Amino acid sequence: MNENRRITIAKRIVQELESGQTVNLGVGIPTLIPDYLDDKQLVLQSENGLLGMGPTPPPGQVNMDLISASKDPITMETGASLFDSSASFAMIRGGHIDVAVLGALQVDRTGEIANWAVPGATILGVGGAMDLVAGANKIIVATLHSSKHGEPKLVEELTYPTSGIRKADLVVTEHAVFRFEEGSMYLVEQLSDLPLDELQEITGAPFQVGLREPDKQEEAAE
Amino acid sequence: MQKLLDAYEFVKFIKNGDTVLVGGFGMSGTPLTLIDGLAASSLTGLTVVSNNLGEPGKGLGILLEGKKLKKAVGSYFTTNRDAVKAWADGELEIELVPQGTLAEAVRCGGAGIGGFYTKTAAGTKLADGKEEREIDGERYLFEKAIKADVSLIKAHKADRLGNLVYDHTGRNFNPVMATAGKVVIAEVDEIVGTGELAPAHIVTPHVYVDYVVLSRYVKKAGVFVERE
Amino acid sequence: MQKLLDAYEFVKFIKNGDTVLVGGFGMSGTPLTLIDGLAASSLTGLTVVSNNLGEPGKGLGILLEGKKLKKAVGSYFTTNRDAVKAWADGELEIELVPQGTLAEAVRCGGAGIGGFYTKTAAGTKLADGKEEREIDGERYLFEKAIKADVSLIKAHKADRLGNLVYDHTGRNFNPVMATAGKVVIAEVDEIVGTGELAPAHIVTPHVYVDYVVLSRYVKKAGVFVERE
Amino acid sequence: MNENRRITIAKRIVQELESGQTVNLGVGIPTLIPDYLDDKQLVLQSENGLLGMGPTPPPGQVNMDLISASKDPITMETGASLFDSSASFAMIRGGHIDVAVLGALQVDRTGEIANWAVPGATILGVGGAMDLVAGANKIIVATLHSSKHGEPKLVEELTYPTSGIRKADLVVTEHAVFRFEEGSMYLVEQLSDLPLDELQEITGAPFQVGLREPDKQEEAAE
């Protein structure tokens, strides 16, 4: 059931992606995306130094020096290229990744993301999360609507440490798609049969229904 | 080959308390033989700059077990629960740096750049105590270059001059770390004749490499095992 | 090939007054076809960032003859006496930057780095008006990253995705310039099938290349002549 | 006769160089050095992106995409490597070049170098001169003792624009070798039969004869 919700999110995000785009997929739900692309051809970037990441190899063809950012064995697509970590983050930070799809612990009503640390807990890992938030051209957050403790992940104000001042463009949960513009949050699509009032109840931040201006929606959908 | 050292001979170039750059991302492109050498040495109080600290008992994890480390600088330590525990017990200092900032700071260290401004981490906890500057209307953080006493890196092949090429994503931090240590030791899977690596394909020119060590490990079914 | 443009079609991506990065060192690795295209266009008031301005009537020199340029940013203009004259006559602004600072500033522009500190030129006339900072007891200058509206570069081969490799020292400024333009046009000697360039040998990944133009010139006896 | 003096300088500088060292040779006298190496093997770096520069190719084998910093056709030695301009200057500025041999317009008594611009004249070229001065581990200046107008090139204070705050280690002219230490200039060797008082006369800066301390000489010669 949880897996179905995650797949709903992955499938909906695929609709936001276009063939030929360079995409960096974070850990968690984003890693499901390659399985639901149909005939869309993405160029996947892996922060440890690869453009053109392919699927998991068959067991006999694993090379532990060809791995993803999650440290799992991968393959290369035709036309792939390899480079060092400084070149990889130059690509990320320099605005050369079209879309980063990230998981999140929280997103606030302005689109600010918390996805690397839990308050009060040991903070010993950040990886490339902040570089991606700072550098990707478009940021899509893929997250379940509520935490496993039933707390809303979309919140009025972050209580978890922020990943950066750069805002998400879009959040996709199993229930809805939210867009962020100029500090406000807009519900642009419902993905489950949850009534609107119940959706509002389980969402920790106030949102408006529909986009601020119809023009904006078209522009964003281009 | 003038630069070739026996497996653990390189340890003589390192002193207690030194800062050591160690290449690798997870267990890929990690200089396992050189780490073994550090573990077998009497060195202590080292500061290691590396993306991770390996896994418990693996890679740089064995230095933690051997109490060789005073401090670790890197981007992701949570994959090694021993590191988390050592930190919680006050036995290990940790400096957390975003991965791209780490790579760039090391590159700058090797390139004669004193420091740089990045947008990454501006406005976050990792910006605490760091200078902020607005450039063209955007917020940037000042980050100082990182240099070290010694660099321990892993490459795939070296020629007899010390030119290096890497194995797929085993490249990762190794080429930048090759530039930023006062003494640079490269562990390699294979040594080939000078001229066998094409000039346009060499990733690390030999000027960066002081010594070469043949790896004690070989890849079998894609995973490193001890050489027989 | 989706990215392939006819010889001068790329001109539509450039506006009067734009800043254009142009690869090349002397006449090597210089996008001669793209420069011809600019010369044949009605564009004016361009700022060109390039190590040199070619030679009189050659390379970027023809843009100077065609009065296309408002300003040139680079490290060495004295090989083109026309540039020196245009500057003396007040017809061309020139901003002189040390060669290493130029290369690094363009790299930073493409890498999302706002600026950096270099020792180069500290205490010289080229430091006039620039911020100085002491880092670890040494004098450094602040240099801002360089970005541009368009990059015109020259590579040896492109595959059908736009991955690039270069010809010997024709590489020079081209790979960094490929990263720092909003629109990047690569002139190439040859287009090969995707997969023909080995992943570890690709110098410029295709993500940086928006369009590819086949060169109007071919190399004969080591020198470029017009393709028949 | 002028050529003989230039060769004297080049040959003397060769004595300062060791096999295996990475050396960047500036324009002018330094370019004569490869002809007088005998069996010393240097690794020559060219700022436009080559380590392992070889001699001029025969006429039929010229490739205008394989040139020196002076834009002349060159070849590659076995084991050479090619890289871009930012990597080349990272190598230079980062202290990875053992020795830079540079021409100069003036050198002052502290070893400060002027080698890129003439006062009052158009200043439109600097190239890699300042990067080399700032970055090479050892700087040797190769220059005729006097300018073509008969003015001393070794001066009390620079009247030409400085190339940087970093000092030369050694200046070699057709008459003498000077070393610089802690702001003072020392005559360490005479290369012509010019008497010492005449050498002093044609030198624009005061110098001491011999090194300040004998220990220092040994240390420097190591």
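Order of writing sets the chain letters: A, B, C and D. Residues in each chain are counted from 1.
The working rule: contacts are C-beta pairs under 8 Å (C-beta built on N, C-alpha and C of every residue); 3 or more make two chains touch, one makes a residue touch a chain.
Quick caveat: nothing in here was measured; it's all calculated off a predicted structure.
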item: Chains touching both chain A and chain C; value: B
item: Interchain centroid distance [CA atoms averaged], chain A/chain D, Å; value: 55
item: Approximate Å spacing (C-alpha centroids) for the pair chain A, chain B; value: 29
item: Separation of mean Cα positions, chain D and chain B [Å, integer]; value: 35
item: Chain C: positions in contact with at least two other chains; value: 104, 107, 111-113, 118-120, 166, 168, 171, 199-200, 203
item: Touching two or more other chains - residue numbers and ranges from chain D; value: 50, 76, 82-83, 89-90, 92-93, 134-135
item: Pairs of chains satisfying the touch condition; value: A-B, A-C, B-C, B-D, C-D
item: Contacting residues of chain C [partner chain D, same complex]; value: 25-29, 51, 75-79, 83-84, 87-88, 94, 96-104, 106-107, 118-126, 139, 156, 166-176, 203, 219, 221-224
item: Residues of chain A that touch chain B when the two form their complex; value: 46-50, 60-67, 71, 73, 76, 82-86, 88-90, 92-93, 117, 122-131, 134-135, 161-166
item: Chain B residues within the chain C interface of the complex; value: 104, 108, 111-120, 133, 135-136, 138, 140, 144-145, 165-166, 168, 171, 199-201, 203
item: Chain C-touching residues of chain A, taken from the complex the two chains share; value: 20, 22, 43, 45, 50-52, 76, 78-83, 89-97, 134-135
item: Of all residues in chain C, those that touch chain A in their complex; value: 2, 107, 109-113, 159-161, 163, 179, 194-195, 199-200, 202, 205-208
